[in-house]
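Both complexes shown next keep chain A, but they swap its partner, so chain B is in the first and chain C is in the second.
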Partner chain A sequence: MKNVMSNKFVITLYVLPALILILLLIYIPIVLTGYYGLMDWNGIGKMKFVGLDNYIELVKDKLFWQSTWHSLLLGLFSTVSLVGYLILSLILASKIKGANFLRKIYLIPMLLSSVAIGQLWAKIFDPTNGMINRLLTIFGVDNPPVWLADSKIALYALFFPIVWQYAGFYIIIFYAALKNVPEELIEAAKIDGATSIQIAYKIKLPLIAGVIKVMVILAIVGSLKYFDLIFVLTGGGPNHASEVMASYMYSEAFSKYNFGYGSAIGFGLLIICLVMTWLIQKLLSSKEVEF
Partner chain B sequence: MFKKKTVAMIMSVIMLVSLALAGCSSSSSTEEKSADGKKVIKFMHLWPEGSSNAQFSIVKDIIGEYEKEHKDIKIETEILNPDQYREKLKVLASSNELPDIGMTWSDGFIKPYVEGGMLAPLDDVVDKNPDLKDAFIPGVKESYAVDGKTYGLPLELNISYVFYNKEIFKKYNLEVPKTFEEYKKVVKTLADNGVVPATVGAKDGWPASFWFMYLADRIGGPTILTDVIHGKAKMDDPAILKAAQEVQNLVDMGGFVKGASALSNDDAKGYFMNEKAAMFLTATWELPNYTTSPDVKQEFKDKIGYFKFPTYEGGKGTDINSYVGGPGVGLFVAKDSKVQKEAKDFVGYLVKRWGEKSVTDAGVIPATKVDTSKLDLAPMYIDILKDLSEASNVTTYFDTQSSPAVSELHHDLVTALFGKQVTPKDFVKQQADALAKEQK
Partner chain C sequence: MSKAVMETKFNTTLSAPYKTSKSLGSRIGYGVLYVILGIIAIIQIYPLIWLLLFSLKTNQEVFGMSPFSLPQNPQWGNYAKAWSAGHIDVYFFNSVLYTVIAVVLTVILASFVTFAITRMHWKLSGLVLGLFMAGYMIPLHSTLIPLFNIFKSTHLIDNPVSVILSYVAFNLPITIMILAGFYKTLPREIEEAAVMDGCSIHRIFFQITLPMTIPVLSTTVIINMIYNWNEFVFVNTFLSSDKWKTITVGVNNFVGQYLTDWGAIGATLMISIIPVLIAYFILSDRIVEGIAAGSVKG
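Let's look at the complex of A and B:
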């Protein structure tokens, strides 16, 4: 086996199919997107080369930066919510009764499609007949907020279903990582008289630092390109109050038939994602703790 | 020596892959024949069996009849939901693989396809066919024309009315309003009594635009919005500004359902269907729900009436028989189709048969004239078909007439207008600027 694997020819042969697929499906489209960004194109007729016009417009476009800001806010919110998931996972992993059952409950939103979740939350947020406002009215609030229709609240109201949707995913991964922490270390700490908070803080967390880092990156990058629920619930409205980068790209390319500019936004989104990933890795770079 | 081999290997693999990929690319450029030697016409439409059953069945029946009459033709259908259809059509167009026959919307939608040289003119289909020559309601077919040639044959025509709940009106002693002042009184009475006066799905933009368009029609005269599109009037015309202001006056009065800018058209419709709102300004495509649909209780249907959008005191549009409306979908034939002659023939056949069947079978108002005397129809249909024959003008929806970019901007701004996130002044100015930029 070792002989075979050291044969460069065989290695090439094994790597090639995947390489070609990745090139064809991911990298070439990325380059093409950047290229389409140089065009004035309605997606149907002929393309017209306009140089860097689209990109210059993009840099000056207030709406683009506003939607970027919204995406970053979502990223921040998701990262903060990771703390909550981590605490939940710590509790779940500490062998409490019914941990299995609870884990399944948290996972269920993950199994629903975004559109179904969107429909569900549209009903919950409905200003007149929705669950939240019904409850508020019962408790004597005269003029409950109109949630998604209010441009000041819409974005923040949207964060809740988004965060709720992915809770199960993060909890499962944290839980798995925590279960991997060697039992001996915890026992040893217990013998030394550490409290469970100390164990969590001094032993468990440092040991899963790598996983936490990956989760932070996933949360932020996932937030930056987030689209589904926003599209279903508000479509980026009202008046762009909940517009994020991906929904803005969609509305330019597919609703306004502005493929050139839409591609430029897509390329901008890619660059922002890359920069953010690099930044987070810089910020979080610390030496891995070995078992 | 070894390296050479590697290179050769890589080359051969690349060649294999590219061969395989070449095999994937479409072979639509050759005339397709089915196994039994029939000519195949590919037809893509947007009425799936599940969500538009009546329309689906009519089309299926018509195809069946046509294939019986023309033994050498086989019509293959591909059916998608309207939203998916829209996207797929664009994707197919960008790779020049349109189906032989497909569905299109009018004006702003069809224009890029025509300019891209993808569609075949259909004037000959109409002119050569005596059944079709005078069949269309005047002005409808023209919505699919670019530079004097018609590229789509319309199937549907929709006009908008205010539908209202007669029982709620009776409870508060309300009369059908004839003028906008009367309408405001109705709104005030309903709002004071805690009833939602009118429901509107402002999130989607277009349903809310109905209100704006009718007010612009009544205040600025029936041609004003069409003039704006053709550069003969400006969007920041005082009359249009006034229409936008009146929309916000209604919002301030509590004239619409709360949080309308987060409701889709379907959400808003729910309020009306559940009798939580007294009025709903919508188009005739909703008629089956108030007349024939087996899914709606008869009790509810009996309560629903309609009235024409009231006139505005001192406005230029004094004729209450001027409507805001527009053709729905029409049929196109692809320019590059290898079976263009056959496809055109089928399109003519389909339009004609559709006109005969659609009212009775699906409750859809066709774009062709209907002889009501021979048909057994719900009274509301007879009234509305009569209105149509008396209509002085049908202004095609502003967002249908405008380019996709302006249309989208219009939707966004109307949502904001209803949510009071934009002032009427800004509302008209932003659109005026966008239009001016396009007309340069």
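Let's look at the complex of A and C:
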């Protein structure tokens, strides 16, 4: 029996095709991006080795740190909005009639492409004919904001479609986790006279702390990777007001043909994602001990 | 058993007065909750209804009338225009083709890997599984420039193979994650008996294990389909000819060209989202399950 199930040839045959694919298309490019960052290169001609020049420039680049800050800000907003999603999930999971139907409705935007969502919201935000400003005019607002065209609020306006897109996703996950909390524990607490808020705070939330932690990581690291929606809605503008790391990398490489510098930004993005993942895990694991 | 009876007894004696004293308050409370939940549902769904409405309107109606009015004379011509003038027919076909090929490849390769890792015995299985899982954390944009260069030097730029291979590679981690969670709950006895009977490993995989995983396979197929159908960056970066583009990129280009024709833009967007909405309408339970399984297990 051991022989059949540890046949080296079969194992190689089964694992190798997929392994080659992820090595070739994920892991080798990750290393290459750091290497290309050492080059002066327009994507077509020959690469010229320039040492750490690109990385030194990156560290001094105000635009890079500004776009990093924007990415982190989106991550912060997403994390704060997790509180709202948690409350909604607690309500939905407390034997509400129609909870299943409601969470299915909430999830719908998540299934659409970020491009479709972006183009739809471009119309919703349209200063004269968009849904929001038409509503505001009906309610008597004289000079409604121009939303995405206003460099002061463009980044914050982007957060509406982001919440709209992802709310259902987080609610589905929290709901599933809450449904796994053993019923006996809640019943026992009820017998002891605990209120539903106490039950939520003292029993349900600590029990799903692991899932909450994963979702915080997903919200922050996911925000650091935002691209499609921002690319479609603002392209990082106006005047870099909504630029994030991925959109900055993309425009440097594929619009300005600074492939060397673009690679350095891409490598910076990778490092920041990994550091943030590690940092959140560290911060939240020390907190978990309290429970 | 007696404990359970005790509990229910306690429950009835204690909770009965508690319920009656609070019934009016809690009823109002529930009413408020339902209103809030309902408003959120409307916020989630209304932009799509608004999209459907303006996809059937003329520009005069969009600009001149209330955004909440019904189209006076539904302009189905907007859809015809989007379908033919915007090459949406070609893009639609490409999207279907790439999605189907990539999903089949991803699910088969992921099943092979998951079987080898969870069922067969070898030293490096843990390490290899970790390698696949960690792929989930890598930001795809960091790989974009090297991928572009790799595909360029292998003459795969402006060739759908580059996009399909990228879909497969980047969806393998999540697919293996979902499959591995299911494989661990599957009983091994049937496979062990088959080994005793002298069954070959390939027959065990294809005729015993794979059929047992059909429920989870369908979940991964749906998740993969949605991801691939909606994908944007790879197609936008690697493919430049109109004949190869997919609907996501096509929609984006179309909107760029017909900036002010709201009806046609709305129709294009509707065409791009209708397949996903239909799939969701039929398979919503599986999709919800798949999304919950895919991320919690990670």
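Here, the second predicted complex is superposed on the first by the 263 of 291 C-alpha atoms of A that agree within 3 Å, B and C clash if a C-alpha of one lies under 4 Å from a C-alpha of the other, contacts with A are read in each partner's own complex, and residues count from 1 in each chain.
Everything that follows uses one rule, which is that a residue touches a chain if its C-beta (ideal position, glycine included) is under 8 Å from a C-beta of that chain, and two chains touch if they have at least 3 such contacts.
All of these numbers come straight from a predicted model, not from anything done at the bench.
Look at chain A after the overlay: chain B and chain C clash there.
Contact with both chain B and chain C is seen for A:Lys8 once the two complexes are overlaid on the shared chain. In the superposition on chain A, contact is made by A:Ile91 with chain C only, not with chain B. Judged by the touch definition given at the top, the superposed model places A:Leu269 against chain C, while chain B stays out of reach. With both structures placed on the common chain, the touch criterion links A:Phe254 to chain B and to chain C.
Of the two partner chains, neither chain B nor chain C is touched by A:Leu178. When the two structures are aligned on the shared chain, A:Ser151 is found in touch with chain B, with no touch to chain C. Within the superposed three-chain arrangement, the count of touched residues of chain A is higher for C, of the candidates chain B and chain C. When the two structures are aligned on the shared chain, A:Leu38 is found in touch with neither chain B nor chain C.
When both complexes are overlaid on chain A, the residue A:Ile212 reaches neither chain B nor chain C.
When the shared chain is aligned, chain C comes close enough to touch A:Met131, but chain B does not.
The superposed model puts chain C in the path of chain B at one of 55-63, 73-81, 127-135 or 235-243, which is 73-81.
According to the touch criterion, the shared surface of chain A, contacted by chain B in one complex and chain C in the other, consists of residues 8, 13, 43, 122, 128-129, 254. For chain A in complex with chain B, the touching residues are 8-9, 12-13, 16, 20, 42-46, 122, 125-129, 146-151, 154, 233-235, 237-241, 251, 254-258.
Residue ranges of chain C in contact with chain A, taken from their complex: 7, 10-11, 14-15, 33-34, 37, 40-41, 43-45, 47-48, 50-51, 54, 62-63, 66-67, 109-110, 112-113, 115-117, 119-122, 128, 131-132, 135, 137-150, 165-166, 168-170, 172-173, 176, 192, 195-196, 200-202, 205, 226, 229-233, 237, 248-249, 251-252, 255, 262, 265-266, 269, 272-273, 276-277, 280, 284, 287-288, 291-292, 295-296, 298.
Chain B makes touch with chain A in their complex at residues 2, 5-6, 9-10, 13-14, 17, 87, 90, 93-94, 112-113, 115-116, 118, 196, 202-204, 257-264, 267, 271, 276, 403-405, 408-409, 412-413, 415-416, 419, 421-422. Interface residues of chain A, counted against chain C in their complex, comprise 1-2, 4-8, 10-11, 13-15, 17-19, 21-22, 24-30, 32-33, 36, 43, 88, 91-92, 96, 102-116, 119-124, 128-129, 131, 134-135, 164, 167-169, 172-173, 175-177, 187, 190-191, 193, 211, 214-215, 218, 221, 224-225, 227-228, 231-232, 245-246, 249-250, 253-254, 259, 262-263, 266-267, 269-270, 273-274, 277.
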